[in-house]
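Before anything else, here's the structure in question.
The chains carry the letters A, B and C, assigned in the order they are written, with residues numbered from 1 in each.
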Amino acid sequence: MNMTLRRRPRGTGEALKDFPTFGLVSAAVFAFLYIPLLFVVAYSFNSNRVVTVWKGFSLEWYADVLTNNDIQRALMNSLKVASVATALSVILALGLAIGLLRMARSGSTFAWALIGAPLIIPEIVFAIGTLAFFVQIQMPLGIGAITLAHTAFCIPFALLPIRARLRSVDLSVYEAAADLGANEWRIFRRITLPLLAPGIVAGALLAFIISLDDFIVSYFLAGPGGTTLPVYIFGMIRNAITPGVNALSSLLLLASILIVFISYVITRRKR
Amino acid sequence: MITKKRGAAGQGSWWAGAPGLFYLIALVLAPLVVIVIYSFLSRAKLGVGVKWEFSIAPYVELFYSESLSGERSFDPTYLQIFGNSFLYALITAGVCLLLSIPIAMWIATRPADRRTTLIFLVTIPFWTSLLIRTYAFIIILNDNGPINGFLGAIGAISMPIPMLYTPFATVVGLVYAFLPFMILPIYASAERFDFRLAEAAYDLGAAKWTVLRRIVLPAIRPGIIAGLVLVFIPALGSFLAPELLGGGKTSMIANVIAAQFGASRNWPFGAALSVMVLVITLLVLLVFAVLARRMSRTSGRSSWEVLL
Amino acid sequence: MGAALTVRGVTKSFATPEGGEVHALKDVDLDVEDGSFTVLLGPSGCGKTTLLRCVAGLETPDSGEIMLHGERIDQVPVWKRRVNTVFQSYALFPHMTVERNIAFGLEMDGISRKDTIDKVNEALQMVRLDGLGGRKPSQLSGGQQQRVALARALAKQPEVLLLDEPLSALDLKLRRGMQLELKRLQRETSITFILVTHDQEEAMAMGDQVAVFDSGEIVQIGAPRDVYLAPRTRFVADFIGEANVLPAQWSGDSISIPGFDDLHRSLIVGSESAGEFVAVRPENVIIEQAESGNGTVIEVLFVGGLLHVEVEVQGSTVSARQSSMVAESGWMPAIGDRVQVGFRAGSVRVVEA
């Protein structure tokens, strides 16, 4: 970091590239990104009921959270939704990744608009749109409905690592396989799938946390009995904020960060 | 739809994407169509769902309120909420931009292996639950929270500064939620920037800030525009930050929409509000597309694809 | 010996992104003898690779017939053709070891496990990679990867082996070694080889027969020596070896080349009908010091044991190449010298435009 302001910089190329105060601002932004999360975790160990008034270190809230039946039920709901939505979105994304490469320009523009729509449209609109649609077709609300909706917005997250991987494959590898006697199906099973495996795993992990962490869509589609973990946490925040919220949030944070880290390692190592 | 590309052997065919496309048509396109249809229907008796009777009342309600006697009068309540949402989203985008240019440039000038790690660090918070990220600011900004605690402890204040449940808290929450959406596209542009151009400018006698303003900023403009869109649109339709941090005082459009599908039970009106949000989204995207085409270099890639 | 491969009237065009059409192959005929080594030679974009891919089955011709040992194969899918390819990029499967790569094609044929292992080892031995079977392609050098690609294709004992610019990614020294290696493999296996290259020296060195491509057509085909000595067209003369191509005109029984004395028909070889140009190899150009000569020396280069001299004759530049020993005769060309330029008897060849 070069924070001295010189009018005519001389010396190494590295110093020439630096702009004064940019390093400082960057450090501040990193602090801004992480300190709030650290506070959530820190206060989860507070023995006081009033979350922000520190009394002493305690793990009681974790014990509390982990033994709570409602929370266990919500967790199970979340895991069911996330697993099925992940599996569905990965399969659809795999097909899309392969199909997109073979589509004409007009076709792929349309496809990209559909894939990107759930990301760019404000989530509330997507949530109430899906709600209205399900009510209209008389689809019962609950974890089934949540799973279907999650699959839609998990597709782009599953798609991107798979697509990145697919595009890095030398096309003549498929030709070589065909040349050596493999038909379309054998090429897919023996060449395409194994080559895409790291991308598929990374995409699945991303889809999983996106589903696991979603609140708004789940909130509107939950109906009775469809409470997922984030929906439950929202209820807790609304009722009474205790370090229990922090304990549960910390666990969810840990899970997300762990999963995204694994996904990162997989994509980095195999590329 | 099928392209005739060289050597199609073994690379599959476009119809591999068909199931995914059908799924997205059913679960993304169809809900949007339903919303548009609902916005032209009448309110159901019990409030859940709609009555299948054409009506433009939901759109009239945006501007007028009806008294018990049935008299219509101009009512700026919802316009004000739209205005507020616009203002908060704009401030959010502006603050994000000011923070993102330095960090994106700084990361882009690190050695290649450290760059990936630093960018990964920027994205980690994005992958955690938005609910929890918003909740974090309830802890930080409340009267007993660490900020007021610190200021009290050093004697700077005698009474806690009320920060939670203010527009300030809402904007802080929005900035926190969407900051990575600004940093990443700007970084993507900055990383491609050829620093030999800056060297040439130095060589011709330009000072640091001149180089930044005249050489670097124009080069990363595609990233800046993408970032502005990617922050502005979700911020405009944000639900959680105003809900949890703004208190009752700072409603944004999303909260009003949610209320129509909850307590207020007016689905057509909620649908009409959503259509307005969709229209604004499309307009912003259109402006973006025009700007992007004018700069041509980012075209061909979906705007959000830069994110990952 | 019979024909391993017969190509009749094969035509293929591609649509360009701009909406136009490129004729990659125009009515191409080719006969390849069983057990021979044929080289398809031409600049990039001349259609040679497209023909190779049509034979492999990676492209489908728009029209024409391709026959493998008398049987039509142009509509047979790639994976059923008894033809294998060594790809320019090698196209090794990055997720498989060397052994698995070689075994892949055999597994596709449903060959038993034991036979597969034997054939893989045999193939590894053949390309001298014994002991490297357990490695991943990324752990091999470029030359080694090339050998794996060869072994993988040869293990299937194809009726014809297609090689698409297989040596272009190797550095010069390695390339020379691999050329010998390929010749040896072809002799030992007596499999029919068809190799595509843009390197005319490589084509000369390796082929029993060389087919020269220009803009989608085979313009000349024959033994390397014949093609070199008797180029039929201006393009071939230029592309294979070096040649001075000069405009020429028939007048009665002799031909006139601007700046030179008219040459009688008996001193000239090549096609007599459509001659608008003559080609002369630089080694057949003779220069002598002469104040009243027809040319002026404009460049002199020493390249090893050879002397390259560029002479300007009436607006055209003529290259001459002589042994540096000529200098012993007492005269050393220098820039600006006036010289008399002539040609060795029987070395001037009339070529088509």
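Please note the rule applied: a contact is a pair of C-beta atoms (placed from the backbone, for glycine too) under 8 Å apart; a residue touches a chain by one contact, two chains touch by 3 or more.
Being a predicted model, the structure only gives us computed values, none of them experimental.
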| item | value |
| --- | --- |
| Which of A-B and A-C has more C-beta pairs touching across its chains | A-B |
| Farthest-lying chain, centroid of Cα atoms versus that of chain C | B |
| Chain nearest the overall Cα centroid | A |
| Where chain B and chain C are represented by their mean Cα positions, the distance between them in whole Å | 59 |
| Length of the line joining the C-alpha centres of chain A and chain B, rounded to whole Å | 17 |
| Geometric centre distance via CA averages, chain C-chain A, whole Å | 54 |
| Residues of chain B touching at least two other chains | 7, 9 |
| Junction residues of chain A - those touching two or more other chains | 172, 175, 177-179, 182, 191 |
| Multi-chain contact residues (two or more partners), chain C | 57-58, 78 |
| Residues on chain C engaged by chain A in the complex (per definition of touch) | 56-58, 77-80, 83-85, 87-89, 91-95, 104-105, 108-109, 152-153, 156 |
| Touch list for chain A against partner chain C, complex | 170, 172-173, 175-183, 186, 190-191, 194-195, 197 |
| Residue numbers on chain A that touch chain B, as the complex places them | 5-9, 13-14, 16-23, 25-26, 29-30, 32-34, 36-37, 39-40, 43, 50-53, 91-104, 106-107, 111-112, 114-126, 128-133, 135-136, 148-149, 151-152, 155-157, 160-161, 171-172, 174-175, 177-179, 182, 184, 187-188, 191-192, 206, 209-210, 212-216, 220, 230, 233-234, 237, 241, 245-246, 249, 252-253, 256-257, 259-261, 264, 268 |
| In the complex with chain A, residue positions of chain B that touch it | 1-3, 5, 7-21, 23-25, 27-32, 34-35, 38, 48-49, 99-100, 102-103, 105-107, 109, 116, 120-125, 127-133, 135-140, 142, 144-146, 149, 176, 179, 183, 195, 198-199, 202, 207-208, 212, 233-234, 236-240, 244, 254, 257-258, 261, 267, 270-271, 274, 277-278, 281, 285, 302-305, 308 |
